[in-house]
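Order of writing sets the chain letters: A, B and C. Residues in each chain are counted from 1.
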Amino acid sequence: MEPILSIHNLEYRRGDFTLTVENQTFLKGRIYCLTGPNGAGKSTLLHLLALLLEPDRGEILFEGTLLKGAAERQRLRQRITLVEQAPFLFDTTVYDNLAFGLRLRDVGSDLQRRRIAKALQTVGLDGFESRRARALSGGEIRRVALARAMVLRPVVLLLDEPTDGLDRRILPLFERCLTALSDEGVTVIVATHDADQPGRLGGDILRLDGGRPASPAGASAPALSNEPTEKSS
Amino acid sequence: MGFLFESFQHAISLILSFDREVFNTVWTSLYTSTVAILLAAAVGVPFGTFLGLGRFAGRRAVLTLLNTLMALPTVVVGLVLFGLFSRQGPLGSWGFLFTPWAMIAGQMVLATPIVANYTVAAVAGADPRIMTTALTLGASRLRAMRQLLLETRFGIIAAIVAGFGRVIAEVGVAMMLGGNIRGYTRTMTTAIALETSKGEFAFGLALGIVLLTVALVVNLFLNLLQQR
Amino acid sequence: MKTVRILAVLLTLSLFFGHTALAAERLRLATTTSTENSGLLSVLLPPFEKAHDCKVDVIAVGTGKAIKLGETGDVDVILVHARAQEDRFVAEGYGVNRRDVMYNDFVILGPTEDPADIKGLTDGAEALKKIAAAQATFVSRGDESGTHSKEKSLWKAAGITPAGQWYLEAGRGMGEVITMATERRGYTLADRGTYIAYKSKTDLQVLTEGDKALFNPYGVIPVNPKKHPHVKIELAEAFAGYLTGAEGQSIIANYRKNGEQLFFLYK
């Protein structure tokens, strides 16, 4: 399995908070769970990996190539997608929300329709195409946001607390989507509060605390387990 | 004053009889103000968007300047542009003075700060997630901004309506730059000014009522557009 | 989006209409507000426009501004009633071939109570002397118009510099000044044409008239093409010729407002 994303000497500062990750590699097709207390920097790290934020120092490599320049970052954003903690849906139909990214990628309308139908089916929202985004419930919004990201077939899918407050009956369906994606070769990186979620997803754990990985991060080996007693340096 | 009721009657009869001259002034008002607001939007909306989103040194200063320009007295705009468009002025060879084009230019100068300012408010107050969502779905910065405008379309339309209201109701610029030429550059407002200066208060007010009616119809139409 | 398409259509339509409006040949005439307000031009211009297949754009402003527009070349021809300024206009090379068109006269209006007792006088300067002596309200145009120039010359002839609370310099057009004088029960100098037009709106009376010094001649002057090559000189000369020719003169002489003749011809 090849590394898809790797971080070297990354530093990001905003006000009093600094996120520092010396070395971290993410392999293709694996699931990673970012854990840690509030304010640890999970969200920030996801936004950096999504290329929505620029680090103050350090590099991000995609498939081994160094990323430089805004144009390259924009191109790569077509292959790396982030689902926000409180997802924002455009004020239009569910269909148009899902089609947004597909239209950017010049996907033909027939193919669009098929992919959208399939994505909605996968998240259990069959036939929701013409519903207005503003009329959806919280859980439906989360699922539409996931479908919107999935339909783009990203190489890397980042999710920020995607199942927080999600109906317990929908939770297994949601998690099954994520594992299925990983089986298809998508690298899935999930920030989560749920202590049992990493176990259910079967992913590697990267724990953050106070802006730093909570356990020593090796060159290519992911950090292991989440001993709550571990202290950050 | 006794002429108030008389004016109302006069206004109704003017509207119903499709009086040729009144019709001309209505058309001139609508035509010049519409073209002016379209041009103002073409400049003001992008400018307002960039200003609303941008973070650069001097942004505060630009915003303050924009706020000040909203209160531009129409006669001042009229005077400055008169100086520009007169044969003696730098743009004299364009032959704009006393044509509808000069009025359109003047009204555009009046409306652009309003459109830009309201756009800044709409954009700056918009959900910051709009941009990041569009970007993470693979949009270019420009495409993301377009999406932002789509999501804030109510605010943008309000900006355009505000600008339109200002220009269709003003008289200083239209008078100075248009010359109030009958059948050519006479707008509803300059016609009212003329009738008032002739002491025809009732007729002037009647035209005023027509003006308000036209503004009402336009606003209803824009409202319909917003509903879609 | 549908909206964008509607707007695009509107913009195209507007450009199209703008173009057709510009297509007709246009002659720009600067004249005074009193001339325009008399209504004479609405009957005088159409035959000319038809005969020459053009449109005459009438820009009605104060005398000073009308002349200024001629100086800057923003119009093709001027029609004003301020002899001294007209002569200067030609002498300084701004205009060519000035022609006498018509004349009307000025009158001194006042309230029926006539506090300065000028009723029946035929000497303008004499009337103003009495007004100043009585410190009766007098409303002046105050705007360098033809009327204002005439008023100033009368004060000069009377040897008085008007000043004080009773002398109101309005800086407005003739109609507004008459309205103001009516409200303030004061006197004013007005051209007879505007007074006739305002008869129904004011209860001021003509108290002094007939003085040769109250004579108000009109002149038409095309703008000098040597100073402003873009000026439509042939059309302007044709216009001046029309005003002074048989057809134009007959229309002027026959023009009535509220049943009264406003303008008179030179014999």
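In this text, a contact is a pair of C-beta atoms (placed from the backbone, for glycine too) under 8 Å apart; a residue touches a chain by one contact, two chains touch by 3 or more.
Since the structure is predicted, the reported quantities are computational estimates derived from the model, not experimental observations.
Farthest from chain C in terms of Cα centroid separation is A.
With centres taken as mean C-alpha coordinates, the chain found closest to the middle of all protein C-alpha atoms is B. By number of C-beta pairs in contact, B-C leads when A-B and B-C are compared.
Note on chain placement: the centre of chain A and the centre of chain C lie 78 Å apart, centres being C-alpha means. Taking the mean of the C-alpha atoms as each chain's centre, chain A and chain B sit 46 Å apart.
Chain B and chain C, compared by their mean Cα positions, are separated by 32 Å.
For chain B in complex with chain A, the residues that touch the partner chain are 127, 129-130, 132-141, 143, 147, 150-151. Chain contact summary for the complex, chain C toward chain B: residues 2-3, 6-7, 10-11, 14-15, 17-18, 21-22, 26, 28, 33, 37, 55, 57-61, 72-75, 172-173, 175-176, 178-179, 197-198, 201, 228, 230. Residues 31, 34-35, 38, 86-88, 92, 95, 97-101, 179-185, 197-199, 225, 228 of chain B are the ones that touch chain C when the two sit in their complex. Put simply, chain A touches chain B in their complex at residues 47, 50, 52, 70, 74, 77-78, 80-82, 84, 86-88, 90-91, 100-101, 104-105, 148-149, 152.
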